[in-house]
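Next, two complexes with subunit A in common: one pairs it with subunit B, the other with subunit C.
Up next, the complex of A and B:
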């Protein structure tokens, strides 16, 4: 078996791949923002034991953690088009769907990994030493202020190692975007495969690209973790 | 167990309620007819045959694929895990590298790559082994899970106090013997919850095998949608979500209970 990578020289294929990489990174970044919002809000509601909201948050977390993100994506994609949420395009005046495939992918990434993030941040919050919390309370901080200024900053730092693998998982999961026809790397790859029939070579290249993106993400998270480290706190 | 039972009840009732509410919101007055259609398609979605006569497609296929992939990954993952704690750098460094590569690769890409990397059939020992889509799916899923299991194995072994190693060493055991007779039996309790989480993750991942052309629940669902009309798509995907939830949620609860028990025992 010989591998032939000469198709990579074609500028058209290079553009497709580069655009795909851009889309994948954008998808992942937006998904991460949503993931953090859901994770922090959910964990805060559970941690502060907000009445009447604890059970809904628990149900939400268990629903999204225990079902495949791919089925969630298909479900969102079809349900939102079934309900038919549309808005008027200000330029052309036509009706365009409010939720495109891109939005659905971002939503499903944020929901699935966000549900996992809730659990991660919550255990980070539980790992904050009780003395620190008591100290803040005795200094006159209210319950909410303690959470905002003491528990959350330390808890988030505590949750960095599991959060790193959650972020890598989010980037990996974003490859599902191709299945609802979002033009990410996988989409570019399938296009190239259709034209060149170099299926194996294209897939191997895509594999390497994803590994590079994931490794880059891990490096960035490490830098961020190092920058936010509290001296003498943790390793 | 009490807290877990409460969570189990809350989760099952709550999720059923949420999914039912979504169904009613989307279909309104038509809900009854949609439910009837779902009930009619249930045997096909669960077993891949219209009357439960065979269990080779649909949700049953997902279970079969996950079990095979888990068994293969358990063997390969243990081997990789042993490599990762080897004393020789020549074995350890490649093992760690392989683990990281497998762990960071998207499952979908590995599945696609296996689709093209594995030959249609190979001839060995005079017989022809053909790689059906199901076998390719099993191998494609087993590869990334191998990395997870290797990581679980290493974590479990490292959780056993080093004194165990040293005392077995002074009794004259060799490294692999210590691992097999002293360390792993003690490490199993730390590994079990993580292995169960890995299995749940693998089961969730079996939804991806639809791309290999295996007759799994999502491809059955797509066939049903194609024949019954796109109008039913939401209902069918809700149903598939519910099935996956019913399978994975008990595993998650059991895992939490085991973790709690291991923590209490220490």
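Up next, the complex of A and C:
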């Protein structure tokens, strides 16, 4: 068996791959933003025991954490296109669908990994010592101020290790974008395979690319964790 | 230091009357009454589980009470329910804890300045200056940029006292503040408290340091099973205890 990577020299394939990498990274970054918003808001509502909102958050978490992300993506894609919300393009005046495949992938990543993030951040908040909270309360901090200035900053730091694997999971899950026709790295790879039939070589490359993106993400998180490390605290 | 203590006749700064508190079926306070005058130094002693720490937490509203009244200055503590209503009380009554309860993610200086700025809305520059002076007072000049986790227990507890002082309170509650310290660090913390007591700060201490209680307190309260069994000036209480429970307790600890 000989591996043939000569197709890599084709500028068209290079463009597909590079655009695909860009799309994958953009999907992941936007998904992460949504994941963090959902994770922090959800964990806050549960932690602060906000009346009437606790049960909906719990149902949301169970629903999105315990079902396959692909099922969620297809559901979102077909349900939202059914609703058929459109935007008017300011340049051409044409109607474009509000929920494109791209939007649906970002939403699905944010919801799926956000549901997991709720639980991760919540356990981080629970790891903040009760004494630290009592110290804040004794100084006049309200429940909300205590959360914002004491529990959240410490709890988020505590949630970094499990959050790192959640971020990697999000990057990997973004590869299902290809299934709703978003031109991510997997999409580019599929196109190249269809034209060259070098399936093994293309998949080897894709494997390496995902590994590189995920490793880069882990590296960035490590830098952030180091920058926010609390001297002399914990391990 | 020859600060004037306020006259004995003035109305007490803290007054608890017939305070009851239970946790589920477990009654912790069964009718506690005590008063502390402005500038007074009061020690609460007693066996563990007798409700000493609960008394302190009721005074600053960290715990609500089931029955009775607590007055601190002009505040009727049992009527303060919301976080907002409790802010003026916590401004006046600061607390120092056994486990220091510092903010681990903030520097020593930030631990002192956070609450005055974020809760009381004071100007950061003025608070910072006051905080640095307080660090000097507790002999921690130069440690302002350290994090609590980088300090010894005795140093952390002195930061906690400075943090309490930064609120410019009228009263400080001390909850077994030397109980978690290594023996050689106890005196550095007690020295700071002794200075405060001499300067006229109203102090309520729950403590197992009987010799210290004897030295600094104007009045000592002995609690057992949720009631004040006996109270009086330290000389009387330690030398001529009348209640058999107090006698038994003192035999064990002295």
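Just so we're on the same page, the second predicted complex is superposed on the first by the 235 of 235 C-alpha atoms of A that agree within 3 Å, B and C clash if a C-alpha of one lies under 4 Å from a C-alpha of the other, contacts with A are read in each partner's own complex, and residues count from 1 in each chain.
One rule holds in what follows: a residue touches a chain if its C-beta (ideal position, glycine included) is under 8 Å from a C-beta of that chain, and two chains touch if they have at least 3 such contacts.
This is a predicted model, so every value here is computed, not measured.
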Partner chain in contact with A:223 - subunit B first, subunit C second, else both or neither: neither
First (subunit B), second (subunit C), both or neither touched by A:137: second
Which superposed partner A:231 touches (first subunit B, second subunit C, both, neither): second
Residues of subunit A touched, compared between subunit B and subunit C (which is higher): B
Subunit B versus subunit C as contact partner of A:176, first or second or both or neither: first
First, second, both or neither for A:186, with subunit B first and subunit C second: first
Touched partner set for A:145, first subunit B, second subunit C, both or neither: second
Footprint overlap on subunit A, comparing subunit B with subunit C: none
Contact set on subunit C toward subunit A in their complex: 60, 62, 83-84, 86-87, 90-91, 94-95, 97, 99-105, 114-115, 118-120, 146-151, 160, 163, 167
In the complex, subunit A residues that touch subunit C: 129, 131-132, 134-145, 149-150, 153-154, 157, 230-233
List of subunit B residues in touch with subunit A within their complex: 7, 10-11, 14-15, 18-19, 22, 26, 101, 103-110, 112-113, 115-117, 200, 204-208, 210-211, 218, 230-231, 233-234, 237-238, 240-241, 244-245, 248-249, 252
Subunit A - residues contacting subunit B, complex: 55-56, 58-59, 62-63, 65-72, 74-75, 78-79, 82-83, 168, 171-176, 178-179, 186, 199-200, 203-204, 206-207, 210-211, 214-215, 218
